[in-house]
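Going in written order, the chains are labelled A, B, C and D, and every chain counts its residues from 1.
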Amino acid sequence: MFTTGFKFYFGLAVALVLSAVVYGYATGGEHVGPVTWGWKGGVGDHVGYTMLMAGGVVASAVSFVIVAFRDADPSAQAHYLGVDEIVPTASVTGSYWPVVAAFGAGIGLLGLVLTPVLFVGGIVACSIAAIEWMMDAWADRATGDASANAALRDRVMAPFEIPVAATLTVAVIVLAGSRIFLNASKNGAVLWAALIAIAIFGIGILYAAKPKMNRNVVAGLVLTCGLAVIAGGIVAGVDGEREFHHHVPHGDDHGDDSHAEDDHSE
Amino acid sequence: MSTATATADTHHDHDSHATNTGISNNKLAMWLFLSTECLLFGALISTYLLYKTRGNGDVLPTDIFDIPFTSVSSFVLLMSSLTMVLALSAVTRGEMDRGKAWLLVTAMLGGVFIGGQVYEFTSFYREGLGYTTNPAASAFYTLTGFHGVHVSLGILMLMSLWVAAQQGKLTQKNTETVEIVGLYWHFVDIVWIFIFTVIYLIPPA
Amino acid sequence: MTITEEPLALGSGVTFAQRPLGVLTRPQAQGGWKDWVSTVDHKKIGIMYGVAAMFFFVVGGLEALLIRTQLAFPDQGFISADLYNQIFTMHGVTMVFLFIMPLAAAFANYLIPLQIGARDVAFPRLNALSFWVWLSGAIFLNTSWIVGGGGANCGWFCYSPNSGIVFSPTHGVDFYAVGLLITGIASLVSAVNLIVTCLNMRAPGMDLMRMPVLTWMLLVTQFLLAFALPVITVALLLLLFDRTFDSQFFDPDAGADPLLWQHLFWIFGHPEVYIIILPSFGIISEIIPTFSRKPIFGYTAMVFSGIAIGFMGWGVWAHHMFVSGIGPISVAAFSMATMFIAVPTGVKILNWLTTMWGGKLHFTTAMLFATGTVAMFTIGGLSGVTHSLAPADTQQTDTYYIVAHFHYVIFGGGVLGLFGGAYFWWPKVFGHFLNEKRGKINFWLMLIGFNLTFGPMHVLGLQGMSRRIDTYSAGYGFEFWNLMATIGSYLIAISVVVFFYNVWKSKKEAVDLPPPGPDPWDARSLEWSIPSPTPEHNFDELPQVESFDHWWFQKYDIDDEGKVVRIANTDDVAQDGSATDVHLPSPSYWPLVLAIGLPLIGYGIIFNLWLCVLGGLLTGGAIYAWVLEPVDDPDAGHGHDDHHDEAAELAAVASGAGSDNEGEG
Amino acid sequence: MSEATAVSETHDDHHPSDWDYVKIAGILAVLTTIEVLTYFESVFTFFETRWILLTTLFVLMVVKFWLVARMFMHLKQDKPILSQSFAAGLALATGVYLVTLFAFDFFFSA
C-alpha cells in the first residue's frame, strides 16, 4: 500500500512544511501566521516561505497521487494483471533525460547571473525533461511487456513530441538564418541566403546521387553544416543587426502629407 | 446465417472501395481544399493591389522592396518544389532513404525561405514600414505573412513525414500521403509565383 | 497515414490488461453520453446538428421577439438603443449561422450518405470535427453576452467603419469575427467532406444524374460553401486585425476604403443566400413528388437550374451595394445579372408546380410545408426582382421593405422547407411519426404568423420606415402595421411551441402506435428502402442502382398502357437491417478535443495571448493524436481493414489548423 | 505488398522520370531569371516600355504557374476532375476579384 515512493514524497513534504514554518518564524513571523499561511499574522520572508511551502504542497500532492494510482505498487499491479507476482522488467532504454535536466538546471543557474533568456531556456529544458522523464517512468511500469510499454508511451507523447520537435528544428534554421541575413550587408544577405540554400541543396544532390555513401560521412556533413548555421546565427545574433536607414518617403508622391510621422513605434 | 451473408456483403463493399471518380478521398479532398485556397489568397492579393499606393504620406512597400534578396528566396522556394517532387518520386519507387533526404532538404529550403521572410520583415520594419504604418503596409504584411504561415505549416507536415519515415512508419505504401503533402507544398509555391510577379516585380506606374 | 500498423501487442499472454492504468484508450461506448461525444456516425452527428440548431433557433427567436416587442408601439423604451443594436445583430447572426446553416447541415449529414447508398461520409472523423467545431464556435459567439461586454452591434453584415473600434468599443465585434471564423472552419471542413462523399462514395450504378434532387442541391450548397467561406474568412481576419492589432484596412482616415469590406462580405454573402435556400429547395423537391404520386417533373432541368443558381450566385453580389457609390457601370451590370438569376429560380418553381399538376395530392403536414415554401418563396423572389431595378432599390434600401423581402426568402423559402423536411423524415430518423393533426396546427399557425409578421413590413418599408431603428415616433402611420407584425411574431412563437410539444407528445404516444415501417410515405429515394429508424450500418447490402428513383421502381412498374402498377410489396423489397458484422469506423475523442482548443485560441486573441498557447497545444496535440490514431481501433476486433485510409486527413486537418493558425495572425 | 508494387509500376509508366523533373525545374529557373532581369531596366532598356514589361511578366508567371501545376502537381497525369475543380476555384477567384478591383476603378487610376 505505502510504497517507497510515497514514503519518500510524504517525508519530503513534512520536512518542507516544517522547515517553512521554522523559516517563517525565524525571519520575523508573528502570531499563527507561518502555520496558517498568513491568515493571522505575518509569515516572515515571503519568498523563502512561499517556496518551501509550495514545495511541501507539491510533494504531498505527489505522494497522494502515488497512493491514489497505486503507482509502482507491485501487489496492486499483480492483482490488476491477475498474476501472482510481477516479473521485474529491465528499463527499456537508457534515458538521456537526467542529463537534459542537469543541463537545463545548469543553464538556468547561469541565466540567473547572466541573462533572463538563459534562465527561461533552462526552465523550459527542465520542464520538458521532467515531463518526458515522468512519462518514461510511467510507461516502463505500465504492463509487463517492454515493447507494449514503449508503444503506450508513444501513443501519449508522440502527438506532442513530433510537432514540438519539428517546430523547434525549423525555428532554429529560421532564427539562425534570419540573424545571419540581418547581420550581413544588403548584398551580403543575398549572398548568404544563396549560399545556405546551395549548401542544403548540394547535400541533397550529393546524397541522392550516392545513396550508398558512408553514413558517417553524411551525418558528419549534415552536422557540420547544421552547426555552422547555428554558430553563424549565434555569432550574428550577438553581433547584432546591421544599421538600417529609416526610409524617408518622398513626400508629394503619396498625396496627403499631413499624417506623415517620424515615429513608427508600435 | 445472416452473419454469413453480411460478411459477404462487407467484402463486396470493400471491393467497391475503388471510388466513383477513381481518385482517393484524401487526394480529392486536398485538391478541393486547394481550390478554395485560391479564393483566400485572391482576396488578400486584391486587398494589397487595392491598397498598394495608399501610403498616407508614409513609406510604401514598393519603395523599399529588396528585389535581389526576394529573387533568391523565390528561387529557393521554386527549387524546393523540385526537391519535393523528387522526394515523392523516390518514395514511389520505394527508395525511402533518398525520399527522406529530399523531404528533409525540402523542409530546410522552406526554412531558408521563412528565414528570409523574417529578415525581410525585420529590415522593412527598421526602414520605417510597420504593420500599422498605412493600409499598404498592413495589406503587404498580411498577405505575405499569410503565405509564410502556409509555408510554415507545410514545413511542419514535411518534418512530420520525415519523422514518421525515420521511425519506419512511413513506407512505400504511404506514397499517397507524401503526394498529398506535396500538393500542398506546390500550391504554396505557385501562390508565391503569383505574388512574386504581381506584388514584387511589377514596379509602380 | 495509418501509423500504428498493428494492434498493441501485449506479450506474455496477458490479454485483459489492454487498458493499463491511466492510458487514454479509444472510446468504444455504445449508448450513453460517451457514445454521443465520441461518435463518428453521420446519423448521430446529423441529429446533434439538428438539436443544436433548434436550440439556437429558440435563442434567435427570443431575440426576434424582443425586437418585435420593442417595436409593437411607437416611442417605447422597453430596451435601450444600444441593446437593440446588439439584439438585432445577434438575431441575424444566430439565425443565419447558428440555425439555418446547421439545420441544413443536419439534413445533409443524415441524408446524403443514405440517398447515395453509402455507409458513411468520406471522412467520418472530420464530420464529427465539423459538428464540434461549429458548436464550439456557436457557444463562443454567444459568450460575448457574458464576457464580451455585450453582443456585436454592427448588424450581421457588420459594415465598416461601424464595426471599427471607435464605433464598437466593446468586444462584441471581436467575438463576432472570431466566432464566425471558427464556425467557418467547421463549414469548410464539412463542405469538403460532403463534396468528396457525393463524388466518391456513391453506390454502384448511382450515377451523378441519378442522385436525388436533394443530394444535388446539397452538393451545390457545399460547393458554394467551400468557395464562399475563404472570402469571409479574409474579411473577418482583416476586421479582427484592424481591431486587435491596429492594422489599417478599413480606416478611411488612413486612406483605406471601407467599401472593401462590403465587397468581400457580399462576395461571400450572396452565395450564402443560396447556401441557405438550396437545401430547402432540395427538401421540397423530395416531398412534392412523393405526395403528388408522380416523379419530379424535369429532373434534369431541376438539377441544372440548381447548378446555374450556384454559378450565377457569384455574379450578383454588388446588388447589395447599389447605393454605396460603386459607379454606373457596376450598377448596370449587377442589375442585369440579378434579373437573370430569377430565370433558373423560376424554372424550379414551374417544375414544382408541374410536378403537382395532375397528381394525386396528399396534403400531409410535410406537403403543406412544401407548398407553403413554394408560395412564400415566390413572393420573396418577386420582391427580390424589384430590388434588381437599381432606381427602385435606391428607394427601398435600408427600409423595412428589404427586411420583408429577405424574410420571405429565408423564412418563407428556407425555414418552412426545413420544417417540412423534419416532418417528412422524422419517422426515418426516430422510428415514429410526428402527429399530423398537431403538425397541421403548427403549419397553419406558422404560415399565418409569418405572413402577418413580414407582409406588413412591405407596407412599412414603402412608407419609409428604416430598418435597424430602435423605435419610431407616433403619427407617421407606422403604428398599425407594426402592431400587426408583432402579433404575427408571437403567432410564429406559438407555432414553434406547438412543434416542440408535438415532438415531445408524439414520442410519448409512439409507444402505442404501430411503427412506421421502412417506407411510410411510399417515397422514392434509397433511404426509404431500409428500416426506420436507420440501423447503424445503414444498408445491409449496398444497392445496385439502375435508374433515377431506383427505390420507387423496385415497388412499381409502368405497364404497356403507361399505367403505374405495383410489382412488389414494400416490405418484401426493403432491407431488414439484420446485418451484424458490418465494419464501421471507430469513434474518436480527438474531434472534440480539437474543437475545444479553437475557442481557447479565440479567447486568447481577444483577452490574453497566453491562452492561445494553451489552445494551440490542445489543437496541435489533438491533430497529431488524430493522425497517429488509426481509423479503426485495433482493439475493437473488427475483421477488416478500413479503406478510408487516413493518409492525409493530416492534410485535411491541417487545413483546419491552417485557418486556425491564421487566426492567431 | 505485391499489390503496392504493381501500383508503383503502373505509376512509373506514365509519370515523368527524375531527370524530367530536373529539366522542368531548369526551365522554371530560366524563366525566373528572365523575370528578375526585368528589374534591371537600365540594362535591358526595352523593359522600360510598360506594356512590354507587363506582358513579359504575366506570360512568364502564367507559364511557371502552369508548369508547376501540370508537371509537379501531376495534373497532366491525373483525372481531369482535379484540374476542373482547381480551374473552377482559380476562375472564380480571378472573376470576382477582377470585378471587385474594376469596381474600385483600379485599372484606370493606375
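Here is the rule we use: a residue touches a chain if its C-beta (ideal position, glycine included) is under 8 Å from a C-beta of that chain, and two chains touch if they have at least 3 such contacts.
It should be emphasised that the depicted structure is a prediction, and the values quoted were computed from it without experimental measurement.
Contact counts per chain pair peak at B-C. Computed from the mean C-alpha positions, the centre of subunit A lies at a distance of 29 Å from the centre of subunit B. The distance from the centre of subunit A to the centre of subunit D, each centre being the mean of the chain's C-alpha atoms, comes to 43 Å.
Each chain gets a centre from the mean of its Cα atoms; for subunit C and subunit D, those two points are 37 Å apart.
Contacts with at least two other chains are made by residues 162-163, 255-256, 259, 266 of subunit A. Contacts with at least two other chains are made by residues 81, 88-89, 92, 96, 100, 104 of subunit D.
In subunit B, 21, 23, 27-28, 32, 35-37, 39, 43, 50, 55-56, 68, 75, 79, 86, 90, 131-133, 152, 156, 160, 183 are the positions where the chain touches two or more neighbouring chains simultaneously. Chain pairs that touch one another are A-B, A-C, B-C, B-D, C-D. Remark: subunit B residues 2-3, 5-7, 9-10, 12-14, 16-17, 19-21, 23-30, 32-33, 35-37, 39-40, 43-44, 47, 50-51, 54-56, 131-135, 137-139, 142, 145-146, 149-150, 152-153, 156-157, 160, 164, 169-170, 174, 176-177, 180-181, 183-184 touch subunit C in the complex.
Against subunit A, the residues of subunit B that register as touching in their complex are 53, 55-60, 63-64, 66, 68-69, 72-73, 75-76, 79, 83, 86, 90, 95, 97-98, 101-102, 104-105, 107-112, 114-116, 118-119, 122-123, 125-133, 152, 155-156, 159-160, 163.
Residue ranges on subunit C touching subunit A, taken from their complex, read 4, 8-12, 14, 16-17, 20-24, 246, 253-255, 617, 620-625, 628. Subunit A makes touch with subunit B in their complex at residues 162-163, 165-167, 169-170, 173-178, 181-182, 186-187, 189-190, 193-194, 196-197, 200-201, 203-204, 207-208, 211, 241, 244-249, 251, 253-261, 264-266. Looking at the complex, you find that subunit A touches subunit C at residues 69-70, 80-83, 138, 142-145, 147-148, 151-152, 155-156, 158-160, 162-163, 255-256, 259, 266.
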